[in-house]
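What follows is a set of structures for review.
Below are two complexes that have subunit A in common, paired first with subunit B and then with subunit C.
Presenting the complex of A and B:
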C-alpha cells in the first residue's frame, strides 16, 4: 500500500515535470516547425494577429492557429532567406565576425587574469576581484553609457570595434575562470615551482590544461550571451549594414513572420550544436557561477 | 641580511609577474568600463557637458522628482517584486522535482535550458501570437466567457512579461539549485529519515537551511536579470509602451535617444548605487550563511 502511494506520487511528479518541460521547450519547437510553413499557411494561421500579413488575395482564418505541424512542409521561407536575399547571410556573417573575436579574446584575457587571481592572493587582489564581480553584475543600462562615451572619444563609434573591444574585457569570464582555477590544489603548483618551473610553464602546462572543461563551458556561456545581443549593436552600430543578425532579426517586420521563423532557426543552429555537444559543460559552467565567493 | 634580500627580491618579482598577468584584463576593464563610469558620475554632478558647472545633487533631485522616472521606478519595482520571488520559488520546486528519481531526467533538464538559445525575435513573435487581442490566450479564455483584452495595452501588461521572464530564467536558476541539493550532506538527511522526519520536515528544517546561500544568490541574480527583460519588452512594445509596462530602462533609453546626458547619468549612477548595495548584501550574507552552514 505504502509502496503504491510512493509510486503514484513519483508518477505525478514525473508528469508535472514533463508538462512544464514541454511548455518550456515549446517556443523552440514552434520556431523550428513554423519555419517549414509556406507564406500562405502562415498568413492563414496568424493573419488575425499580424494584420500586415493580409492582402486581398490571402485567406485568413478568423481564429489564430498556433500550430506545431505544418499542413504541408515547405522550404520556401528558407529559399527566400538563403537564396533570394543575400542580406541574411551577410548579417549572419556580421554576427560571426563580431562574436568570434569576443569569445576567443575574452577567454584568453580572462585566463591570464584568473591565473593572477589564483596564484597571487592578497588583500588588494581580493578587493580587485570584488570590483570585477560588481562590474559583472551591472545591468547593461549602466555599462552602455560608458561604452558609448569611450567609443565616441576614440572615434570607434559605428565600427565593429566599439562592440568587440568592451566585449573582450567584460569581466564575466574572469570571474568564472578564477573560481575554477582556485580549485587546483595549491600543492600541485608549489611542487612545480620546486621543480624549477617558471611562471609561464605553470600557467600553460598546469593551470590551462586543468581548466580545459571550464574553458569550454565559459566559451559556450559567452557565445550564447553575445550571439543574441541586441542592445549593444543598436546603440553602438548605427550603420545597419554592420549589424548582426540578432538585431536584424528582431527588426524583421511582422509582415514576414514566416521568414522570421526560418531565419531564427538558421540563427539557432550554432547555439543548438554547442548546446547538444556540450550541455554537461554548460551545466557545469552554470553551477560554478552559483556563488560570489572565490 | 643577505637572505632577506633574496627573499625580498623574490617577493617583488612575484608581485610583478602577478600584476603582469592581470594587466591586460585590468587595463581593458579600466579603459572601457571603470574610467568612463567615472565620467558618468562627473556628468551627473555638472550642469551639462557644455556648461561644466558643478551643481551638486541637482540632477539627482530632478530625476527623483521626475514623474516618468517615478512611474518607471514603481513599475520596475512592481515587476521585480512579483517576478523575482516566483523565479526563486519555482526554480526550487523544479529542482526538487528533478531530484526525485524520475525517468528521462537529463532530457527534461535540456528542455528547461532550451530558452537560453532561442533568438529574442522569435520569442517576441510567439508572445504576440499568444497575448494579442485576437491571440491564443484570449480565444482560450473566451470559452469560459471572459472578455477579450489587449494584454500588452492593459493594466495586466506585466503578466505576459513575468511569464516571459520566468520562461527565460527558471532553467538557469534550477541548475543552481540542483547543484546545491547535490552538495547537501546526505548523511544528515539519512539520519533525519531514520528518526522519522517526513519529507516536509526535512525540506524546511534541513534542505532549506543548506540552500539558503543559493537562495540569496539566485535572488540577486534574478533581480539583475529582471532588468534585462527590457530587451523583450522593448521589442514587443517600443519606446513608449502602455503605462503599466514603462520600465526604468525605457526611461534611460529615452533619455539616451534624446541625448539628455544629465538625466541619463544621474539615473545610471542611482541604478549602479542600488546594485552595489545589493551585491554588498549578497557578500555579507554569503559569508554569514557560509559560516553558519559550515560550523
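Presenting the complex of A and C:
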C-alpha cells in the first residue's frame, strides 16, 4: 500500500515536472520550428501581434495562431537574415564585441578580487564585500541612472565602453568566486607559503586551478547575462548601429516579423554551444559556491 | 581518467569545433553580406539638383482642320453611276468626280410633269370660261383647242433631251473610230498584198527552163571521145610493147663480149645511140615511131580528159542553177497562198468597213435627226405658244366682247392669271434646270484633296446636299489647343511651335495665329489657334509645343526624376547613411511643386537643396525608404 502511494506520488511528480519542462521548452521549440516558416506564413499567424505597431499593415488573421509545424518548410528567413541583411550580421558582431571583453575581464577582475577577499580578511574588507553583495542584489534598473550619468560625465556615452566597463566590474562574479575560493583550505595556502611560494604563485598555481569549475560557471553565466542584455544598450547606446542583436530582437516590428524567428534561432546558437561545453562545470561551480560557508 | 571523462572531453571537442565553424561562417557571411545585399538592391542613377534657366513649353494635342473645305453639291436628282475618286485623292479643277446614269434629272422631269399639268389645268380653265356662252364661240374655242393639242402633240414628238444628243454624239464618235479602224485594216491588208505581189514578181524573173540535155549530150560526147583516145592509147601501148621487145632482144646480144656487165637498158640505149633509126634497119625506127605514137596517144587522152571534165562541170553548174530555181518556186507558191489569204481577209475587212461606214452613217443620221428634232422642238414649241396665245387671245377677246362684272368672272380672271403665272414659273425653272444641266459627269470646281465622300454608286443625289468634301489647296490648315489663362499670357501671336505627328519624318510647321476664349472652358481657359503648314491633312492629330519666356530657377531636376501620385509631385533623393559595413543609400521622398518644365528639365520648389542627389532612373520600381544601389560609372 505504501509502495503504491509512493509510486503514485512519483508519477505525479514526474507528470508535474514533465508539464513544466514542456512549458519551459515550448518557446524555444516554437522559435526553432517557426524559423522554417515563410514570411507570409509568419505574418498570417502572428501578424495581429504587430498590428498595433503599424496601422498601415493589415493581416489576414485577427488572432494569434500558435503553430509548431510549418505549412511549407522554407529557408527564406535564414536566407534573408544571413545573405541579404548585413545589418543583422553587424548586430551579431556587435554582441560579440560587447560580450567577449566583459566576460574575459570580468573573470580576471573577479579572480583577483576574490583572492584578495579570501586571503586578506579584515573588517574593512568585510564591509566592502557586504557592499558588493548589496550592489549585486540591486536590480540593474536602480544603477542605470548613475551609470548613465557617469558615462556622460566621462564622455563614454554612446560608446561601447559605457557597456563594457560597468560589465567588467560587475559584483556578481566576485561574490560567486569569493564564495568558491573561501572553500579552499587555509592550510593549503599556508603550506604553500611555507614552501616559499609567493602570492602570484599561490594565486595562479593553487587558487585558479582549484576554482576552474567556478570560473567556467562564471563565464557561462556572465556570457548569457550580457548576451541577452537589452536595457543597457538601449539607454547607453543611442546609435542603433552599435547596439547588439538582442536589442533588435526586443524591437521586432511589423516589417521584420518574418525574420524574427530565424534571427532568434541564430542568436541562441553561441549560448547553447557554450552551455553544452561547460554544462558540467556550471552545475559543479554553482553547487560548490552555494554549499561553501564563508 | 575514466570513461565518462573521456566522453565529456569528446563532447567538448565537438562543441568547440561547432562553435569555431559557426563563428567562421558568420564571419564569412558578414564579409560577403554587403556584396550579396547590394546585388539584390535596385540600381539607381542619380543627378545633382541644379539651378539655371528653363524655357517652359506649353504642350497640347490638336486636330488639324482645313481653312477652306469645299462641299460638292448639285441641284438635281441624278443616279450616281461611278465614283471616280477615292478619299485622299488629289484632284484638279475639271477632274471628273462622279459619272452619272443617263437620263434627265428626276426633279426636271417632275417640273416638266407639273408644267404639263398646269398647262392642262389652264386650258381646262379657259374652256370653262363663264364668258363662253355661244355655240359659235364654243366652236371657235374648240378648234383653237384642237390646234393647240395637235401642236403640243407634234412638239412632244420632237422632244429630245440633251443627254440623248450627247449619247448620239458619243455614238457617232465611237462609230467614226470603228469606221476608221476598219478602213485602216483594209489599208493595211492592201499594203500587205502589194508587198507580196512585189516579192512574187521578183521571184518570177527566173527562167522556167529546166532542160539539161545539151550539157548532158556534151558530157556524153566528151566521154565517148575520151574512150576513143584511151583505146588509141592502149593500141599504141601494145605496139610500143612489141617494138620494145624486139629492141630488147637485139640489144641483149649487142657486143656482149665487149660489155659483158651492161644491163639491158644500158645495152638498148647504147644500141640506139650507135645505130640511128634512119641508118639502120627498122627495129630502132619502129621503137622510136611506137614511142612517138604512144606519146601522142597519151596527150590525146589528156586533152579528151580535160574536155570531159569541162563538160561534167558545165553539167553540174547547170544542175545547181536548176536546184535554186526550184526553191524559188516553193517560195513563190507560199507567197501566192498568203496572197490568197490576204485577199480573203481584205474581203472580210471591206465588209466590216462597209458595215462600220453604214453604222456611222446611221449614227450621223440619228444625230442629225435628234438635232433636227431639237431644232423642230423649239419651232414647235413656238407654234404651241402661238396656239396657246391664239386660244388665250380668243378667250380674252370673248371676255372683252362680253362685258361682265360679276364676282364669278373676277374670280375666274384671277384663276387664269394664277394659272398663267404658275406655267411661267415652271417653264422658267425648267429652262434654268436645262441651262445648269449636269450632263453625264460631275467635275471638280476646285483643286484640292478629297477628304470625304458622302455618296456611293447607285445612290441618287439630293438637291443641294453635299456629295463630297474637297480641301482646297494652298488655303492652309488650323489646329487649336486649350490652355490656361496663365499659360496663354506667356505666349504671343506669331510664336512658332514645335510640331510632331504620328508620321515620322513629316515636315510640319505651326505658328500661333490667334488666342481666343475657350468655349468649352469659359473664363478659365484660352484656345491657342495655330496655322499649320506642311504634310498634314484635316483630321490628323498633331502634338504642339510652344515655348514660354525663359526664367531662372534655383532648383532644377531632370524630368525623369519627377514622379507623381495622388498626393502630388515628388522626387526621390538619395540619402547616405554611414555604417561599419559601408555606406547605405536610401531613397527618400521629397514633395515638390512644379514651377516650369521643358523637354529635359523641370524647375521645382520644395524641400530640396542644391546638393541633393535625385534619382532619375532605377532598375526596379522604388518606394520611399527603400535601400538602393548607385549605378557604377
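Operating definition for what follows: the second predicted complex is superposed on the first by the 259 of 294 C-alpha atoms of A that agree within 3 Å, B and C clash if a C-alpha of one lies under 4 Å from a C-alpha of the other, contacts with A are read in each partner's own complex, and residues count from 1 in each chain.
The criterion applied here is as follows: a residue touches a chain if its C-beta (ideal position, glycine included) is under 8 Å from a C-beta of that chain, and two chains touch if they have at least 3 such contacts.
Treat the numbers as computed from the prediction; the structure is a model and nothing was measured.
Student: After the superposition on A, what does A:92 contact: first (subunit B), second (subunit C), both or neither?
Tutor: In the superposed model, A:92 contacts subunit C only, not subunit B.
Student: Who does A:82 touch here: subunit B (first), subunit C (second), both, or neither?
Tutor: second
Student: When the two structures are overlaid on chain A, which partner does A:20 contact: first (subunit B), second (subunit C), both, or neither?
Tutor: first
Student: A:273 contacts which: subunit B (first), subunit C (second), both, neither?
Tutor: second
Student: Counting residues of subunit A in contact, which comes out ahead: subunit B or subunit C?
Tutor: More residues of subunit A are touched by B.
Student: Quick check on the superposed pair: does A:28 touch subunit B, subunit C, both, or neither? Answer first, second, both or neither.
Tutor: A:28 contacts subunit B only, not subunit C.
Student: Is A:64 contacted by the first partner subunit B, the second partner subunit C, both or neither?
Tutor: A:64 contacts subunit B only, not subunit C.
Student: Which of the two partners, first being subunit B and second being subunit C, lies in contact with A:174: first, second, both, or neither?
Tutor: In the superposition, A:174 contacts subunit B only.
Student: Looking at the overlay, does A:188 come into contact with subunit B only (first), subunit C only (second), both, or neither?
Tutor: Neither partner.
Student: Could you tell me which stretches of subunit A are touched by subunit B in one complex and by subunit C in the other?
Tutor: On subunit A, the subunit B and subunit C contacts do not overlap at all.
Student: Residue numbers of subunit A touching subunit C in their complex, please.
Tutor: On the subunit A side, the touching residues are 82-87, 89-90, 92-93, 241, 269-270, 273-274, 276-277, 280.
Student: Once bound in the complex, which stretches of subunit A touch subunit B?
Tutor: Residues of subunit A touching subunit B: 10, 13-14, 16-18, 20-25, 27-28, 30-31, 46, 48-50, 63-64, 66, 109-110, 112-113, 115-117, 119-120, 125, 128, 130-135, 137-150, 165-166, 168-169, 171, 174, 199, 203, 224, 228, 230-231, 235, 246, 249-250, 252, 254, 257, 260-261, 264, 267-268, 271-272, 275, 279, 282-283, 286-287, 289-293.
Student: Please name which positions on subunit B make contact with subunit A in the complex.
Tutor: Residue list for subunit B touching subunit A: 14-15, 17-22, 24-26, 28-29, 31-37, 39-40, 94, 97-98, 100-104, 107-126, 128-130, 132, 134-136, 139, 167, 170-172, 175-176, 179-180, 213-214, 217, 220, 224, 227-228, 230-231, 235, 248-249, 252-253, 256, 264-265, 268, 271-272, 275-276, 279, 282-283, 286-287, 290.
Student: Could you pull out which subunit C residues touch subunit A in their complex?
Tutor: By the definition above, subunit C touches subunit A via 8, 11-12, 15-16, 18-19, 22-23, 26, 29-30, 33-34, 36-37, 40, 579-581.
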